[in-house]
Amino acid sequence: MSDQVTLTIDGKEVTVPRGTKVIEAAKQVGVEIPHFCYHPGLPVDGNCRMCIADVRTWNARAEKHFPARRPAVTCWTDAEENMQVFTDTDEVKKSRATVMEFLLINHPIDCPICDKAGECMLQDHYMQHDGKRSELREEKIHKPRLKPFGERIVYNGERCILCSRCTRFTAHVSKTHDLGIVNRGDRAVVELAQGSTFDNAYTDNVSDICPVGALTKTDFRFKKRVWFLKHTDSVCGGCSRNCNTVVDHDRAEIVRIMPRRRDEVNGHFMCNEGRDIYKSLAATVRTSAPISRVDELGAGPSWDDALAWAGGKLGEQKKGGKLAVIGSPWMSNEEALVLGHLAGKVCKSAWMDIKNDVIEGYPADDLLHTDDHNPNRAGVIAAGVVPGKKDGKDLAAIQEAIAAGEVEVLLVWGTGLANHYDSVEAMHEAVAKVPVVIQLTDAMDALSEVAQLVLPVRNWAERDGTWTNFEGHTSRFRKALRPHGQARDGFELLSAMCTAAGGKPPVKTFKDARKKLKQDPDSDVREVADGEFAFYKGQSLYRHHSGTTEV
Amino acid sequence: MESNYPVKGKDQVLLNFERGTESWPLSSYLTRGGYSTAKSVLSGGKYDSPADLVGVVKASGLRGRGGAGFPTGLKWSFLPKEPSGPIQLVVNADESEPGTFKDRVIMEENPHQLIEGCVLSCWAIESASCYIYIRGEYVPAIKRMVAAVDEAYAAGHLGEDIYGSGFTCHVTVHSGAGAYICGEETGLIESLEGKKGQPRIKPPFPAVYGVFGYPTIVNNVESIAAVTYIAHAGADSYRQWGTEKSAGTKLFSVSGPVKRPGVYEVAMGYPFKDLLENECGGMLDGVALKALIVGGSSVPVVNAEKALKINMDYESCAENDTLLGSGGVIVIGEGTCMVRTLMTLLRFYHHESCGQCTPCREGTGWIERIVTRIENGDARSGDIDELYRIADNMELRTICTLADAAAWPTKSFIEVFRDEFEAHIEQGKCPHDNQFPDHLNLRGGGKPQRHADPEHAFIA
Amino acid sequence: MSEQLGQNADFDNLIDGHVMPQPAYQGEFTEGEIVKYYNPSRMTLLEKLYVPAIIGGLMITARVFFTNMAKWGIWFTYWIRGKGKDAPKGAVTIYYPEETRPDYSPINRGKHILTMRQQKGPSGEALPQCVACYMCATACPAFCIHIVAGESPDPNIEKYCVEFDIEMDKCIFCGYCEEACPVDAIRLTPEPRMADYQRERMIYDREYLMTWNPTYVEDDHVYPGGHPREE
Amino acid sequence: MNTAFLVVSFMNLAFVLGLLLNLGGLLTWVERKQGAVMANRIGANRAYIPVPVGRDPNGAGGFKWSKRFTLMGLFHAITDGIKMLTKENFTPPFVDTFVYNLAVWFSAVPVLVTFAVVPFGGPFQPGVMMSEVLTMVGMTGAAASVGGFFGDGVYHMQLANLNVGLLFIFAIGSTGIFSAALAGWSSGNKFSLLGALRSSSQMISYEVFMGISVLGLLVVYGTVDFNEMAQLQQQTWFGVIPKWGVLLQPHMFFVFMTALMAENKRVPFDMPEAESELVAGYFTEYTSMKMGLFMMAEFLEIAVIAGIMTTMFFGAYHIPGVVAATDAMHWAMHPELTPVNAIFGAEVPHALVVVLRVGAFLFKLIFFCWLQILIRWTLPKFRYDQVMKLGWKYMLPLSIVNVIATAAFMYVLGGM
C-alpha cells in the first residue's frame, strides 16, 4: 500500500495522499463540491448532506466499480485507489437541490437585514444548485432571534442551519466548549453554555466560519453591506504571529479585518484583538507633513528641504561620526534593509539597534497569541538592523551614549522610545542632549514633541511590505488605504535619505529588495509566500467576493 | 411445559417458560436448564474455540432481530483480527419502535436467558464486557434486568473467572433516556458514552470503532437470547424452524383490533393469516382487516388483500412490498383513518429526529405539517404529490435510517391509500369522523392540533 | 443553388415562428454574379428631385402653422373676454408651472416616498417600512441613495434606516430602487414637481420622504400621491 | 448734392437700419415662436415685466407682483440682448486676439451693407408726398414750406442707387467668408477650425452657382440695377399677369433661394455650426456680444435674403393687379379690379402709392422671412457630402444649362 492513491473525479484523474477526503481531492482538480458543515480547519461532522456525490469504489475481486449503498458525503469519504467520483450527475444535482430545499424551508430568508448577505453560502448555493420557489405552505418554525453570545456575537436561531461549525470550533480549536446544540430535530438551537460569557480571544471566528448569518459580529453589525467592500491582503501586526489577514475597506475607512488562510502561520483563524487593530489605527495621531524645530527649515518645511537637511546631517557623520540609529520592529523587511545600509554603509558603522515600540498586549496562549507585540522583530534583525560588529553598541549602550552627550545625530524610526526610559520626562531629558534628533514615524508620540525633524511615514495599511514572524515565515501586506497627507512610503523615504546623505541606496526597487532578502523574488508572491485567499467559485456572481476564511 | 401461549413445536426458543408463573428469578431459569450451556461452553468441552461458536451462529442462519435482519454471525466476523482495544458487546434493548414490544417480554420474563446469551456471545467474540442498553421507559424491565444481573454475579455466572474457566465477563445494565434514535447502533453508542444520542457518520463501523473507540458488536436482545439456544442445541436444531433464508423462530408483537393482542413466538414463515386467526383469535367483532404494518412503524404498510398473503419471513414480506422489520405487527381495522394513522406516525418521527442531518431535521417536521393539514382538511390537490416528493427526497440522504423510516410509511400510505388522502382534500375534512364503533374508543378526543408553540410542542 | 434557395425560402423566412419580410433582392442568383446586398433605390425621377417632396413637407408644416394660428386667434377672443383659462389653445403643451395637467399617469415615475409601518414606534413616531438592506442603493445606477442602518427602536423589528437620503438632482428616475426593494419601502409617486432653487434642498432626507399624503388636492387637481408642494 | 438729398438719405438710412436691426432681434423671437406653433407648442413665453396690480390679499401690505406682462414672449428678444451685452466678455488666452476680434466685424457688417442696394420702395417725391399729407390734415402752411424745401425732386427709396446692384451684393456678400474663416482659424480650437473649413468650402461652393443661377434672369432683365429690375417687373402679360422674376425663371428661383440659404449656414445647411459634432462651429470660442453679433448676422441675413428674393423674383415693391398707368409716381387702377379706384378716383395720391409700395415690400419681406423659418423647421439637416453633391452635381449644371438656354431663347426672341 503506497501512501498515494489515484482516483477519478468527474473524469479528471488526481493523485492525493492516502486519507485525503474526496472533497479536498476534488478541490485539487478544480471541482468545487458544495458544502456547509465541512471546514478544512475543523473536524468533519457530515451533517449538512450537501456534499453528497456519486462515489463508486473499486472492487478488486469483482474488477468492477460499485456505487455506495447509501449516497456518500464527500467530506467524510476517504479517497481510495481507483475510485470514481461523479459530482455533476442528475442524481447529485437533485440531491443538492433537495438539501437546499430542506435548509430553506425554515430559514427566514431575511437576507435584506442579514449582515452575511453577499458572502452567505446559503445564498450562493441557492443560486447555483436550487433556484426554485419555496413549496412550503405552512408557517415556518420560529426560534429565538437576537440572542447575544457574549459581547461580540449575536445569534439568530432562525437563520441557523445547525451545521455545528461553531460548536466544533469551540470544542476543538479554542477548546473552551462555550457553544452546544440543544434540543432535537427542528427545535434544535445553538446555545451558549450556562454561565459562559463567551469572552475568550477567538470568539469572532465562529462568525467567520458560520456559513449563514446566524452568528454575526456586533462590531460589524449593520455597518456595511459586504458587496461594497474591497478586500486587500494584509498582515496583522498585533503580535509576532503575523496572522495573514484581509482588510475589508470601503472608501477611506477599514470596516473589518478577517483572517486569511495560511496553514504555516495562523491556519484559518485569528484573534479578536487582531480584528480590532483597525480601531487603534484610526485613533493614532498623525502628521500630514514634515514638522521641523530648526530655524534653517522653518516650521513646515517641504519634503525636499527636509530630506536635504536630514541627509546633510547624516552625511556629516560619515567619518567616524556620532550617529545613533534606532530601528523598530514595525518596519518592513525592505525598509530594514535600507535602514541597515544607511546606518552601516553610507554613514560608516553608526550605532544601531531596535527598540520595542509596543510593550503591552495580550498574554501569549497556545493558539495564536505570542509574547512579542511587535510584528517584525525577526525580519528586521535578519535584514541587518543590528548592533555593528566593531564598536557596535546595543540599545542600552546607545542610551548611555546619549546620556553622556556623545551622540550628535539620533535617527529614530517609529514610536515608543519612551518605553526604554523610566518616564517620558526622562526620555525628554536624555534626548535634549542630542543636537539633532530625526524621527521617521507613522504616529505622533512623546519623541515627536521634541525631535528636530519629524518625517511622516505611511502605516501598514497604507504601504506595501513584508514582515517575518517569530517562526521565520514571511508574509506580505499590501496597500489598502490612501496615504494620510504627505506621508511617504518608508522604503522610498529611506532610499532618498541614502542619496541625500551622499551615498547610494542598496537596491533600486522594492522588488530588488525582496530579491536581496531572498523572499521568492521571482515567483508570484501572493501564491507562494502568502496565505492563499481562495474564493468559492460561486461567490463571484456580482461585484462581490467572499471575505471569509472559507476555502 | 404448558402455556397460554400458542407455540409451534415443543421447544420454544425464547418464551420457554410458563406464562403466569415467576419465570424471571434465577431459580426458575435454572429449572429450565439455565446456564448449563454457558458452563459447558466455557469449560471448553462444547466448542474448540470461540471461532467455532461464531461458525455455529453463522450456520444457524440467525438474522438480527432488531429490524435490519443482518446475519448475526456475519456481523461478529467483521471484528478486526487485531483489535485496537478490548472488544465490547452492546445489547440493544432500546426497543422504541412503535408497535414493537417483544424485547420487553424477554427482559421481564426471561432475563437470565439474555444474560446467558451475553456470556456466550462475549465468549464467542472474545469480549470481557457487555452493556445492556435498555430504554428508559422500560422501568420494570430495567429493575428485573438489574436484579437478574445481580443474581447472576452472586451465583458466579458473571464476573471474573466464571466457573474457573479463566473467562471474565462483566455485564452492565444501562438505562437510556427514552430517545428513539438511541436504538440506532451508533446513536446508542454515543448515548452509552454519555453524549447526546446522535448517530455517528459511517464508516468506520462500530465493529472497528465503537463504544469508547473500541471494536464493538451491537446486537438486539432477541438475537442474543437466541444465541443461548443456538449454542445449546446447535445450528441444525435452530434451522428446523423457519425457511431457508429466514431460519428459526421470531417474536411477533401483535397490536390493534384483534381479539388477543400480545407477543407470540412462531416459526419464521408462519402465515399472517394463521397468526391472526389462530394465535390472536381473529379480528374484533364488527371490524374488518383494512391494512397491516408488519414490522413496526417504519415499514411500508400493506392493504388487507396483500396482508393475508404474507408469510412472516423476510422473503415473503419483500415480495409483498414491505419489510419484516422488528416484528411489531400493527393490525389496522376498517374505519381507521389512514391519514390520521400516518399523521400519528409522523408526529413520532418528527419528535424523535435527532436534528443532525438536514433532510431528516427539516423533512420530518415538514411532512408532518402537511399530513396534519390534509387531515384537518386544509390541503390542496397538489399536496399529496408534494408529500410524496418530500418523502422521496428524504430517503437515503441521511447518516442513519430515521429519515428512511419516516419516508417509507409515508410513501406506502400514499401509494396504497391514495383515495383516502384525496377524499380528505375533496371533502375538506376527515371522512372518518365518528365512524369508529363506540366501544373501541381508539381515537382520542377532539381534533388533532399542532401545538401553538413548536418549541414546546412535544416536550410537555 | 437557386433551387435550394427556392425550396427553403419558406423556412429561411421563418425565424422564431415569425415570417420575416422578403429580402429586397428578388432576382435569381447566378454563379459569378456580384450580388449587391443593399436595397436598390426604387424612387422615380420626380421623387429623386426631392423638390415636390420638400414642397409637400413645407405645406404640411405650413398647414399646421396656420391651423394653430387660427386656433390662437380663437383663443385670443376668449382671452380678451378674460376667459383665457378655459379657451382652447393652438398647442398641446401647457404653461407648466402656472398650469399643471391633471392626467399624469399613475405609473409615472416621479418623486420618491418612503412607506411607513402601520404600528408606530415606542414613542409614537412613525417608523419606515425600510429595513436598510441597501438593495436600492446597490441597484441605483446613479449612486444617489445613501443609507445609514441602525437598530430599530421597535423590538419586533431588527433593522431599520437611521438615515435615508436621496440626492434627487442625481436621480434618473429609472425606478430600479422600487424594483429592488424587498419590503415595498420605497416608491416613486407620479408627482412630477420637485424643482427647487437650492441644491441643498434637492437632497431629500428620511423625514421628508416620509411626509406624504396618500392623495391630496391642489389647484383643483387630485394628485394620486406624493408630497404636498412646498412654497 | 443738396440739403434735401441729405435729408432724404438720412430718412432712408434711419428706415433701413431701424427695419433691419429690429428685424434681427425680432426674428430670434419669430424663429422660436413660429417653430413652436408649427410643432403644436407654445414657445417662448417666460420673460415678463411684472405689473403691480393691487395689494396682496393675503399679505399684510405691499404690492403683489402677480400680473406678469409677457406680450407673447416678445421680451425674450430684449432679454437676449441684455444678456449678451452684460455677460462676461471673455477672450480665451490662446486666440490670435487681433484676428479674433476682427472676425466679429466681418460677420455683421457685410450683411448690413448688402441691404444698401435693395429698393424698399419705388421712386418718390418727398415734397409732393408730404404736402399731400399735410394738406389732407389741414396744415396747408406747413405743406407749402415742406413742399418748397423738397421741391419736385425724385428720389429712390434705396440707400445707394447703384447701377451694379447685384454685383455689389455678390461682392460684399462674399466677404462673409472671411468672418467664418478668420474666426475659426484665430480661435485656436479644432472645433472652430473644422467649422471654419466646412463653412468656407460650403460658402465658396454655393457662391459659384448663386451667381450663375441669376445670370439667366439678368439676361432677361438686361440689367443688374435693382431699381431697373423693380421697374421692369411692373410690366404685365396681357395686362394682368405681372412679369415677375419667379414667373420668368421659376426653376432658378429655387436654385437661387437654396444657394442663399446655404450661404446663411442655417438648417438644413448648418454643417459649419453643427451643434451635435462641432459644439458651435467656428464661433465656439466667442462669448457675450461677440457671439451675439454672429448670431445677429445670421438673423439679419434672413432679412437681407428676403429682400433680395423680393426684389429679384417677386416684383419688389409692386402690388399685383395695381398697374402704373401714368408714371411711377401715380397709379391708375383698372376700375374693375380694385376698390381703391372707387375711393381715390383715377389716380391714386402719391403718398398712398409710397405707403402701399413700402407696405407691399415689407409684406413680401416678412413672407420670405417666414418662409425661410418654415424651411428651417421643416427640413432635416443634410449630410456634408449631400450638401456638396447638391451644389456641384445638380445646381451648378442646372444653372449653366439655364444660362445657355435663356441666352439662346432671348437671342431668338430678340429681347424681352
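Brief remarks follow.
The first chain written gets the first letter, and so on, giving A, B, C and D; residue counts start at 1 in each chain.
Here, contacts are C-beta pairs under 8 Å (C-beta built on N, C-alpha and C of every residue); 3 or more make two chains touch, one makes a residue touch a chain.
Bear in mind the structure is a predicted one, so any value in this text is a computation, not a measurement.
With centres defined as mean CA coordinates, subunit C is found 72 Å away from subunit B.
One finds 55 Å separating the Cα centroids of subunit A and subunit B.
Averaged Cα coordinates give subunit C a centre that lies 43 Å from the centre of subunit D. The mean-CA centres of subunit A and subunit C are about 49 angstrom from one another, to the nearest whole unit. Listed for subunit B are no residues, as none touches two or more other chains. Annotation for subunit D: no residues touch two or more other chains.
Across the assembly, subunit A contributes no residue in contact with two or more other chains. Taken as a graph of touching chains, this assembly is arranged as a line, each chain contacting the next along an open chain of partners.
Chain pairs that touch one another, listed by label: A-B, A-C, C-D.
Per the touch definition, subunit C reaches subunit D in the complex via residues 51, 54, 57-58, 60-62, 64-65, 68-69, 72, 89-95. Within the complex, the subunit C residues that touch subunit A are 131-135, 138, 149-151, 158-159, 182-183. Residues 44-50, 52, 70-71, 73, 76, 95, 98-99, 101-103, 105-106, 135-138, 141-143, 161-162, 181, 183-188 of subunit A are the ones that touch subunit B when the two sit in their complex. Looking at the complex, you find that subunit B touches subunit A at residues 179, 196, 201, 350-359, 361-366, 369-370, 373, 380, 383, 386, 393-394, 396-399, 454-455, 457. The part of subunit A that touches subunit C in the complex is made up of residues 110-113, 117, 145-146, 222-223, 225, 227-228.
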